[in-house]
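So, here come the structures, one by one.
In the two assemblies presented below, chain A is common to both, partnered first by chain B and then by chain C.
Coming up: the complex of A and B.
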C-alpha cells in the first residue's frame, strides 16, 4: 500500500504520468502497427547501445569505485582502432599491413579485425589503469575523478587530431542497410547491437559467477577484507578496466551506426555517446549490471518514443528535443529512487 | 627563438582576459568543492548559463521583441546581465541540486557533467535557432558595454599588450574579480562560511548540531553557480559571442585545474591558479611554436598545427600529476583539505 508522504509524491506523479502515456501508446499501436514496431525496434537498439556503454561504466565503478569520465574518449578510441585496421588496413601505430583483412569473405576479415581492435582497446584500458588509477588507490574520490577527466582530454586530443576534419570510415559490412518485417524497416545495425548487448550481459552474468568474478564482487564489497583473504586486488582492477574499455569500444562502434548516427564513421562527436549514456547508468544504479541493462533500455525507449510521437505536440521545441529526454528521465529517476533501480541503497545519505 | 614574444604572450596569459574568466569560474568552483565538498564537474554549464542569459535576452530572435516592447531598448543590456548572472544560474542550480544534494557526492558529479554536455547539444539544435542561434551561437549583444569604454578601440594600451576594447574588459574584469573575491572572503569568515566548512568536514556532525545541511549545500551550489555565471557573462562580453562549443568539458576541466593549482579551500587561491594556468598555457604555446619554427622540435613529433592541441594534452597530464602527488594544490594546506570520500 502506497502511503502519501513526502518521499512518495514523485512516485505518485510518475504513476499519474505513466497511465495516460500508456493509453496514448496503445492507441498509436492500434492505429499504425508497422510504425509502432519500427519505433520499438529502433528504441531497443538505441537502448542496447546505451546499455553497453553503461555496463562498461558499471564494471569499472563497481570494482574500483572510480567514476570514469573517460568512457566516451575510450569509445571513440576503440572505434578509431577499428578504422585503422579496416580502412587504413594497417596495425594501429605501425605501418605493418593488417594481414587479417584479406582472410576469407569480406565479413570474416572485418570481424577478425574488429576483434584485434578490441584487444587494442583492452590494452589501452590496462595501460591507463596501471599508470594512472593504480597509484591512486586510497586517495580522495575527487582526485581520481579529476584524473579521469584529464585522461578524457588527453585521449580526445589524440582522437580529434587523428580524425581531423574528415570522418574515418569503419566499413561496417551491413552499413546502413536493413530489412522490412511486417511493413516496418529494421536496420541490421539495430539487430547487431541487440545481439551484442545480449551476449555481453550473459557474459557478465557468468563472469560474476566465475572465480575471478566472485573476487571482483568481494573487492567491490570490501576492498581491505578482500585483500586480507588473499584476493589480488590489482588484478581485479586491471580486469575491470580492460573489460570496461572493450565495452566502451563496442559502444563506440555502434555509436557510428543507426539509430545513433547514419555516418558509419568515427568523428569527434562519437565520444558524446558516453555522456548520453550517463542517465542510463544513474537510472539503473551505479553498481548494478542489471541496472545498466534496464536503465539503458528505458532511456532508449523514452528517447525514441518521445522523438517519434511527441514531436508534433511540441512545435516550439522542434526536432532536436529528444536529446534532453534521457536527462529528464534521469532527474525523475533520482527523485523517485536516488540510488537507481538496482543500486545499493547506502548511497542515500540524508 | 623570439624570447620577446614568448615573454609578452606569457605575461598576457598571466593577467589577460582568459585568466579573468577562469578566475571567476574557479572562485565559484572553490565554493562548491573547496568549502562545501560538492563535486561539481559541470562548471561549464554555469558559465554557459551566464553567457546565454545575457545573449538570449539581448540578441536572440524570439524573446527579443517581447522584451523590447516591455522595458524599452536601452535597458536590454542590464536585464540581460540580471538574467545571466542571477536568474539562469539560480534556476540551473536548483534543477541540479534538488535531486542530487541528498546523495553521495559522485551523483552530483555525474549529473553536472551530463547536464553540461546536454546543454551544449540542445544549444546546437538547429530547431532552436531563433532562441540560441544553434551552432553559430549569438553575437552582437555586447555593444552597449563597449559604448561605455573610454579607450580607443584601435589603439594599444598597457605596454602594448591590449587593444582598446580588451583593455576595457581587462579593467572591468579585474575589478569584478576583486569585488567577488572580497565578498567571498567576508562570507567564508562569517558563521555561514563556518557551517559550510563543517559540512565539508563532517556532514553528520553538522546535522546533529541542528544545521540543515541540505539547505546550506543548496545555498553554496547557487552562490558558486552565480559566481561562475559572472565569469561566463564576462567571457561572452569579452569574446562578443555566446557559442555552444565555447562551453565544452575542457572549460570545466580548466576551472578544476585553476582550483587545484591555487589550492582548494583558499579564497584567493583560484585567482592565482587561473593566472598560472593561462600563463603556462601561453608559454607552452608560444615556446612550442617557436621551437617548431626554429626546427628544435622534430616534425614527426609535433607539427605547427598540432601545437594548440598538444598544450592541452600537457595541461591534462600536468593535472593528472598534480592530483596524484599534491591533491591539495600548490599553495593548499593539507589539514584544511582532509576530505574523505562522500
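Coming up: the complex of A and C.
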C-alpha cells in the first residue's frame, strides 16, 4: 500500500497526472481513431529510434562505467558515412568509387553500402577507444566522461565541416513513402525503425548471455576480479565501443528520417539526437538494456502525443515544447526511482 | 613449479613492499604463506598473477618463474592461460550475476567446450551446494557459499597452481574446516596450492611446507611441524604461550612489546 508521506509525493503526482491523461487519450482515440493510430505508430517509431541510441549508451556504460557523451557525434558520423557511400558514391575520405552501389537492384546496393558504413562506424569506435579511452583505464570516471565530451565537440566540428550547407541526402530507397492502414498514414521509415529496434534488442539480449557478454558484465562489475579470471579488459572495452558506435550510427541514420526529421538528409543538427535520447537512457537506468527499450518508448510516446494533442495550447507553451517533454518525463521518473526504472541498485555483501 | 627469487615490489615508484622475497611452490604440494597485516602477502599474490599494474605497482628486482618460464610483467590473461589462477581476498564474486555466469567467467580462457563442461561438472562435484543455487544471484549467497563460488570460479580454468588469498576470512569455524577439506581435495587431484593466510593454525594443518613473512621478506620457513613447535610462531601466530599452561595468565603478563622475536635482530 502506498503511504501518503513526503517520500511518495512524486509517485502520487505521477499517478495523479497519468489518470486524466489516459482518460483524455481514450476520448481522443474514440473521436478520431485514424489520427490516434497514426500518432501512436509515429510515437512508437520515435521511441524505437530513441531506444536504439539509448542501447548504444547502455552498452558502453555497462562495460566501461562511462557515459559516452560522444554518442551524438558518432550518430551523425554514421549517417555521414552512408551519405558518402550512397549519395557521393565513393568510399569515405577517398575518391575511390563505391563499387557496391551498382550491385543488383537499388535496395541491395543501398543495403550493402549501409553495412559498409556501419563497419566504418565500428572502426571509428575502435580507434576512439584505443587512442582516448584505453589509456584512461583505472583513472577517475569523471575524467573519462569529460574526454568523451571533448570527443563529441571535435567530431561535431569535423562533421559540420564536412556537411557545410550542402544537402547531404541518404537516398533511402523508399524515400518518404508509406502505407495507409485504417485511414492512418504509416511511414516506411517508422516500420524500419521498429524492426531494427526489435532485432537490436533481441541481439543484445542473447549477447549478454553469451560468454563474451558475461565477460563484459564481469568487467563492468569488478574490473580487477575480471582480470584475475583471465578476461582481457582491453578487448572487452573495444567490443563495447565498436558495438556502441554501430548502434549510434543506426540511430543516426534513422534520425534523418521521419518521424524525427522529414528531410532525409544529414544536417549539423543530426548529432543532437543523442541528447534528445538522453532522457530515455537516464529514465530507463544507465545499465539496463530493458530500461533503454522502455525508456525510449515512454519518452517517444510522451513527446509525440504531447506534440499532437497539446498543440492547441502552443500559444502559451511555445512552438518547440514537445522537445522538452522527454526531460520533464525524465525528471519525474528520477524522482520516483533515482537509479532509473530498470537500473541496478547495488547488491553488495560486506 | 613456481619459484620466486629475491622479489622486490615497489608501489607508486616509492613504497617498497617486498624486499627480496623468495619462495618455492613445488608441483603437487600445498605451501602456506603466513604473515600479519601489511606483511606483503597480497602483494606477493598480485606479483604472481600480474595484477600489480592495476595498483600502480611494479617488480623492480628479482624473478618469478613458472615451470622455468619468467612470468613477471606478463598480462593477467596470459598468466591464467599458463595455468595459475587465484582466489582473491574478500571473494570478489560478481554479485549481480548468477552462480552459473560467475563460473562462466572463470572458464573464460578455456576455448574447448568439452573441457569447460568437464571442469563445470568437477566444480559441481566439489561444491554440491552451488549446484542447488545455479541460477541465483551470487550477491545473495551466504559468505561461505560465496567463498565456495570464488574457489569454484578459479577451478573452472583447470589450474595447475591455485593461489588462495585468505579463504578463511570472515567465515565461521565450521565453514573454515569445510573450505580446508576442499583445498585438500583440490590438491589431491593434482593441483598445487599456494595458501596465503593469517589463520596459521588452519593453513599449517594442511600444508606440506610453510613460510612466514614479515615486512616484505621471509623470516622463517620449514615443515609445518617445525613451525608449529617454534615459540615465536606459537605466541604471535597461534596465540599460545610457552611455559606452564596450567597457571592462569593475566593480560598484564602478556607484554608483546617487551618480547622480541628472535628473527627481528
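As a convention for this text, the second predicted complex is superposed on the first by the 342 of 350 C-alpha atoms of A that agree within 3 Å, B and C clash if a C-alpha of one lies under 4 Å from a C-alpha of the other, contacts with A are read in each partner's own complex, and residues count from 1 in each chain.
As a convention for this text, contacts are C-beta pairs under 8 Å (C-beta built on N, C-alpha and C of every residue); 3 or more make two chains touch, one makes a residue touch a chain.
Small disclaimer: the values here were computed from a predicted structure and weren't measured.
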Superposed partners chain B and chain C on chain A - clash or fit: fit
Partner touching more residues of chain A, whether chain B or chain C: B
Partner chain in contact with A:222 - chain B first, chain C second, else both or neither: second
Degrees between the directions from chain A toward chain B and toward chain C, using C-alpha centres, nearest 10: 90
First, second, both or neither for A:162, with chain B first and chain C second: neither
Touching partner for A:290 - first (chain B), second (chain C), both, neither: neither
Three-chain overlay, closest Cα atoms of chain B and chain C, distance in Å: 14
Chain A positions touched by chain B in one structure and by chain C in the second: 347-349
Residues on chain C engaged by chain A in the complex (per definition of touch): 49-51, 54, 75-77, 79-81, 85-86, 88, 92-97, 101, 104-106, 108-109, 137, 139-140, 143, 146, 153-154, 157
In the complex, chain A residues that touch chain B: 65, 67, 69, 132, 135-136, 139-147, 149-154, 157-158, 160-161, 272, 275-276, 278-279, 281-282, 286, 317-321, 323-324, 326-327, 330-331, 334-335, 338-339, 347-350
Interface residues, chain B side, partner chain A - complex: 33, 39, 41, 95, 98-100, 102-107, 109-111, 113-115, 117-118, 121-122, 124-128, 203, 207, 213-214, 249-250, 252-253, 256, 260, 306, 309-310, 312-313, 315-317, 319-320, 323-324, 327, 339-342
Complex interface listing, chain A residues touching chain C: 138, 211, 214-215, 217-218, 221-232, 344, 347-349
